[in-house]
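Both complexes shown next keep subunit A, but they swap its partner, so subunit B is in the first and subunit C is in the second.
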Partner chain A sequence: MKKAAFVLIGIMLMVEPAFADDLAEVDSFLKERLNRIMGLLQDKNLEKSTRNDKIVVIITEAFDFDTMAKLTLGKKYWPGLSTAEKARFTELFVGRLKASYLEKLNLYDDETIVYSKPEQVNNKVQMMTELVSKDNKITMRYKLYKPSKAGWKVYDVELEGVSLITTYRSQFNEVLQTGTMKDLFAKLERPEGK
Partner chain B sequence: MKSPHSIVERLFDRIVLSHPGIVLLVILVFIAFMGYQATNFQLDASADTLILEDDQDLRNTRDVVARYGEQDFVVVTYTPKGDIFSPETLARIEELQSDLAALDGVDSVLSMLDVPLLESPPIPIKELSKNIITLRSTKADLSLAKVEFQNSPIYQNLLISPDLKTTALQVIFPVNTEGRALLERRTALREKEREGLLNATEQEEYEKVRSGFRAHSEKMKGVRHHNIAEIRKVMDRYRNDGDLFLGGVSMIADDLITFIKKDLKLFGMGVLFFLIITLKVIFGRTRWILIPLLCCFFSTLAMAGFLGLFGWEVTVISSNFVSLQLIITMAITIHLIVRYRELDEALPEANHRELILKTVSSMFKPCLYAALTTIAGFASLVLSNILPVINFGWMMIAGISVSLILTFLIFPVVLIFFDKAVSDASSKPSFPLTSIFANFTATKGRLIMVISGLAFLFSFVGISQLIVENSFIDYFKQSTEIYQGMKLIDQNLGGTTPLDVIINFDDPNAQSQPDAATSSPVTKSGSSEFDDFDEFEEEENSDKYWFTEDKMALIQKINAYLNDMPETGKVLSLGTMLQVAEKLNDGKPLDNFELAVLYEKLPRDIVSLVLTPYVSIEHNQARFAIRVRDSEPTLKRDAFLKKIYHDLTNSLELKPENVQITGMMVLYNNMLQSLFDSQIKTLGVTVAALIFMFLILFRSLKFSLIAITPNLLSIGIVLGMMGWLGIPLDMMTITIAAISVGIAVDDTIHYIHRFKHEFPKDRNYIQTMRRCHESIGYAMYYTSITIVIGFSILTLSNFIPSIYFGLLTGLAMVIALIAAMTLLPQLIILIKPLGPEGRIQGPGHSE
Partner chain C sequence: MVSCAGVQKQGLNGRFQGQSTFSDLTIQSQTEAIEMTFDAFEDEFASIPEKTVFDPLSGYNRRMTQFNDKLFDYVISPVSRGYHFIVPEGGRIGVRRFFKNLFYPLRFINNVLQVKYDKAAIETARFIINSTVGLLGFFDPAEEWLGLKAYPEDFGQTLGVYGVGPGFHIVLPFIGPSNLRDTIGLIPDTYSVPITYIPEMKISGTSDSDKTLIAVGVESYRRLNSASLSLEEYESLRRDALDLYTFLRDAYERNRAAQIKE
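The block that comes next holds the complex of A and B.
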């Protein structure tokens, strides 16, 4: 019994530094990319399309779009799709997500980012940031996981407590509840808000 | 004194006529008691009295009210002389608002000064959650505010008229929690009672709750009446600065009561005065004025006592009962007077008491028959499913019985105090209308048939054009303040009658169940990849994710559809709020994400203002609170409601089970539609009941069919005339058809009864007809003329239903009289229901 307890503490002690490493990794990974994005946003000399292209490059390496696509359909719908449907959906969704993200970024100009310490949640990490302007404060929570040795990836973003993935999920759910995958594709093919 | 003829007559003679003083005393004690009970007599014009009790829509409406909240309020409109947005006027509005708010029994007052300004100056949507200013704030830009109010999808047509000349202040009364709790309990117990599931304690509770609710409603009516009077006093102080009107459902109910009471008092007096004059002209002598009036007064008072005793509330529908009671009592009394004078002339040697006994005994049977038949007619109202109409039926059944009994007691015991005196010189009218009718019937039989045929045709075509519409505004003359105020609110401040459209969204979890089951093998293998992310499974049900683009687009589509209908005034829904948000979002619709963020960030008091009344996330439904322009001439209520339902389920592709239309307008419409059904059903039953009664009374199918014909003509012409004149069938006018039956039956029965009595004398149809016209004809003629003249004064009322009542009752009387004096005898002469002329038959046939 004593031995068992000793082993357990030993494991915990072994694990702890590993977590600490994870947190530090996430911290620098995210800060680095967000600062680059802020830099691009604040650069008034940059052409909008060039800027957007550069931002897309950054978010593509930070976000795990494939997983995000999968999560928005969830286990209710995703496993039932054919490989071709999965590919088509991912393509359409990622396009939609990028466009929406860029559109929202365009609203920000004079904000500065305040970072909080990353937190461990199960085997994933969340990091809270605040976009602070003169008289406003917006909280953003980045949720990351480590799909491979290659490193951390963002799988969801929460703005003021509203999850990007869940928002899309509820929207897609509603379409699929009465309609088919085809309807959802048709909807995603249309420009946003139409 | 000669020995009376039957046991009943002997008893009547020995008990009543021998002790008139005692009988009169008993009657007076009874009347005094009933008069005391009459103080409990209640007049109810509340919305609850105008709706069907068994209505599923009533339950739905109450559910919606419980879910989204309800406010009892009135609206004060203010049209200042100057510019509304000038600082002076705004200050004046503020003063008016605080004066109103300071009144006892007023919970709060909402005006244009209280609502958030979003564009004066514009606020970015990011900052919507704070820095909200109003017109009271010094930061407000008045010229921008003017534009905002003019264009705001929320404020325009609600707080301010489109021409920016009139503003509305909403005076909100405290929520009547006690009343609502009592009502809920009463409804629950009533439903249980209907199913026969009440036990003894619940039965006791039901009685208690019922009387408690009634007492509470009565108290609230008084309170509201007082509130409204106080509000009007405040308004009076501002009349120098502009025009002010009062509107709102509470006010309509209160003003209706006031109008009805005023009409009862003023025109009750007027009718009385006209009756006295007419009686004086016809009969000349004081006793023939005094006795009918005594009978009428006592009967009405006794009836009012019954109403108080049984707690039957007089509603707009039954407010005519006083008039009816007068008509019926007057008819019985005039028949007695005419009969007395007839006998007096025929039997000059008979003494006063003998004459009275003979009068009473010879008239009791036809009067009883007429009363029973009329009761059968009114009993048909009990078959309708409109509670006030049912109550009206019961009231009339009781009223006719009271009139019959009291008149047959009061007439003899009062008359016996007078001496016999000399015969009335003028027992025949100076204008011999009855002989004209007799001659006409004798000579122009065929013409009568042709005219009657045409009249039936006229009625038929008229009835086919009858409409069922009910606009409160049409109840009042255009010169009245209530009309002008309602018109203003209707046309410029969003309409009057509330209507709710409720849209249910499909339950996101409902349909997925079978899906999940069938795809479970796939899920099993693929689910491991989701195991790490089960955080999303629960989160999805959170309120903020309810606001999806699809839902919002649908809500806005429905909102636009409802708003575009010419009949709708103000439409408030989440769609209206989204319009505002869109405007702040540079004209772009908010996406799911923005909606969810906005929902999270909005202060809770704003949520309760812009979301709670229009969305129930818990029930997955949205509400569209509509006010309908009641005065819109093109408004056809039933068609309008059907169109909304049709368009929502077809053009907008909603599932029928997901659409619910409720609210006051639906309830009114249901009642109106059931009036149509009721009218047809009750008239059908009435006619069947009449034929049945005639069969019992006359024991002859021929006579029964003859007797029903003038009745049909009378109802037909009254309803047909309403159709031709475009007078809609509403809860007030529906009773006129029933009344005309009552009147026509009276004439028919008296005439046939007399005819059967007179015929054996010479077995000549024409001669019998002449004798009847010269005897019972007078009574019918006098009754009609007295009542037509008496009720003609109602046409001076400001209350349109009273005018219709006066005119149509007069019409019904005239038609009934003409039909009974021409068509009825012509049919008898034609069909000869009493056998061939000339040959004297056995005694069995005579009276």
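The block that comes next holds the complex of A and C.
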């Protein structure tokens, strides 16, 4: 009994500062990258394509695209795919996701970011940000987890309370409820803008 | 939690320790890795496929979404692009602020109904400052100088706060996605907005029907102006959709649920 109590106290002591560390880590990780992105967006001397390439490098390092691809299909569909299908799906989905995120960022290029304090949610961390412009504001909530010792990764973004993963997930589910993976690929391959 | 699931799986396989070969182990750790990522996110996203919107009008809604989308492409977008060309962005933002200031009663009433008295007070301060110093609301010194932000609320949200569910989803012509609760909320919304009372004003030399036309014109202009400031947002959103109707429907319902929770 005594031993168990000691262990428990030990765990509690270990957990507390770990949480604080997590929050500080996420705070600096996100701020550093988002500030870099905003700097690129506001640098009017940059060519749009070079700018987008540079942003893609930053988001590729901050986002866990592979996990995001898995999450959008979920436990129901992902494990059933062949290796080739998994690779194809990830490629198509990640391409679309990058394009969509870049486009959204480019829409809000004259805004400033207001950061809220990161919050611990289970073993993950969420950080609310607001893109504020002259008379408008858009909320973006970044959700991160720590897949390895190497550091944090974004696995979902909520734009105005609407989660990216959830949105894609319900879209993909709808296609797969009546169709096959082939139908989904066809829809994902369709060129942007209808 | 996560490691438990892994251990259980091993146990079920009935493998004795030390019996598994090297290749067995790598396969097992691979599947385990996949399950770990799923388990770690299960609570957050597991309910999505099951949680569908109540949608008995889907046939009508789909057609109305098509109608609104075509309306956007052939009317709203070209007209507001023309307007966009004539009036610079600063002017359009001023106009949007003017109407926003005019809609103060709507936000005030609903903040009070939701017992958010502090926000209702801030709204009142904003209205007074912006109507005077802000030159009839074309400028927003309340936020720019004093950091007083607006707190948009409407009757649909108020009903939601008091536990009224969204009801079935319905796509309204011109307005777009809505649901039963928010559509009902539009009625008191309309009565809290000054534009509605234009027909009752005394304007010399204009008949009642002219005044109604003026009210409709003012409201149309308000919508056009605000559309001209967010054309690209709709276009970008539309590109994210595999199926435009369900995409807009789900995005609307989730966005409203998030607003009500605030």
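One rule holds in what follows: the second predicted complex is superposed on the first by the 184 of 194 C-alpha atoms of A that agree within 3 Å, B and C clash if a C-alpha of one lies under 4 Å from a C-alpha of the other, contacts with A are read in each partner's own complex, and residues count from 1 in each chain.
Just so it is clear, contacts are C-beta pairs under 8 Å (C-beta built on N, C-alpha and C of every residue); 3 or more make two chains touch, one makes a residue touch a chain.
These numbers come from a predicted model, not from an experiment.
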item: Subunit B versus subunit C as contact partner of A:178, first or second or both or neither; value: first
item: Contacts of A:95 with subunit B and subunit C, given as first, second, both or neither; value: neither
item: Contacts of A:134 with subunit B and subunit C, given as first, second, both or neither; value: second
item: Touching partner for A:80 - first (subunit B), second (subunit C), both, neither; value: first
item: Overlapping contact positions on subunit A, where the subunit C interface meets the subunit B interface; value: 70-71, 74-76, 78-79, 100, 104, 107, 122-123, 135-136, 145, 155, 160-163, 165-167, 169-171, 173-175, 192-193
item: Interface residues, subunit A side, partner subunit C - complex; value: 67, 70-71, 74-76, 78-79, 96, 99-100, 103-104, 107, 122-123, 134-136, 145, 147, 155-156, 158, 160-163, 165-167, 169-175, 187-188, 192-194
item: Subunit A partner contacts - residues on subunit C that touch it in the complex; value: 34, 37-38, 40-46, 48-49, 52, 93, 96-97, 100, 140, 229, 232-233, 235-236, 238-243, 246-247, 250-251, 254-255, 257-259, 261
item: Subunit B - residues contacting subunit A, complex; value: 126-127, 506, 508, 511-512, 515-516, 519, 522-523, 525-527, 529-530, 532-533, 536-537, 539-540, 542, 544-546, 548-551, 588-589, 591-593, 596-597, 600-601
item: Interfacial residue positions of subunit A with respect to subunit B in the complex; value: 70-71, 74-76, 78-80, 100, 104, 107, 122-124, 135-136, 138, 145, 155, 159-171, 173-175, 177-178, 192-193
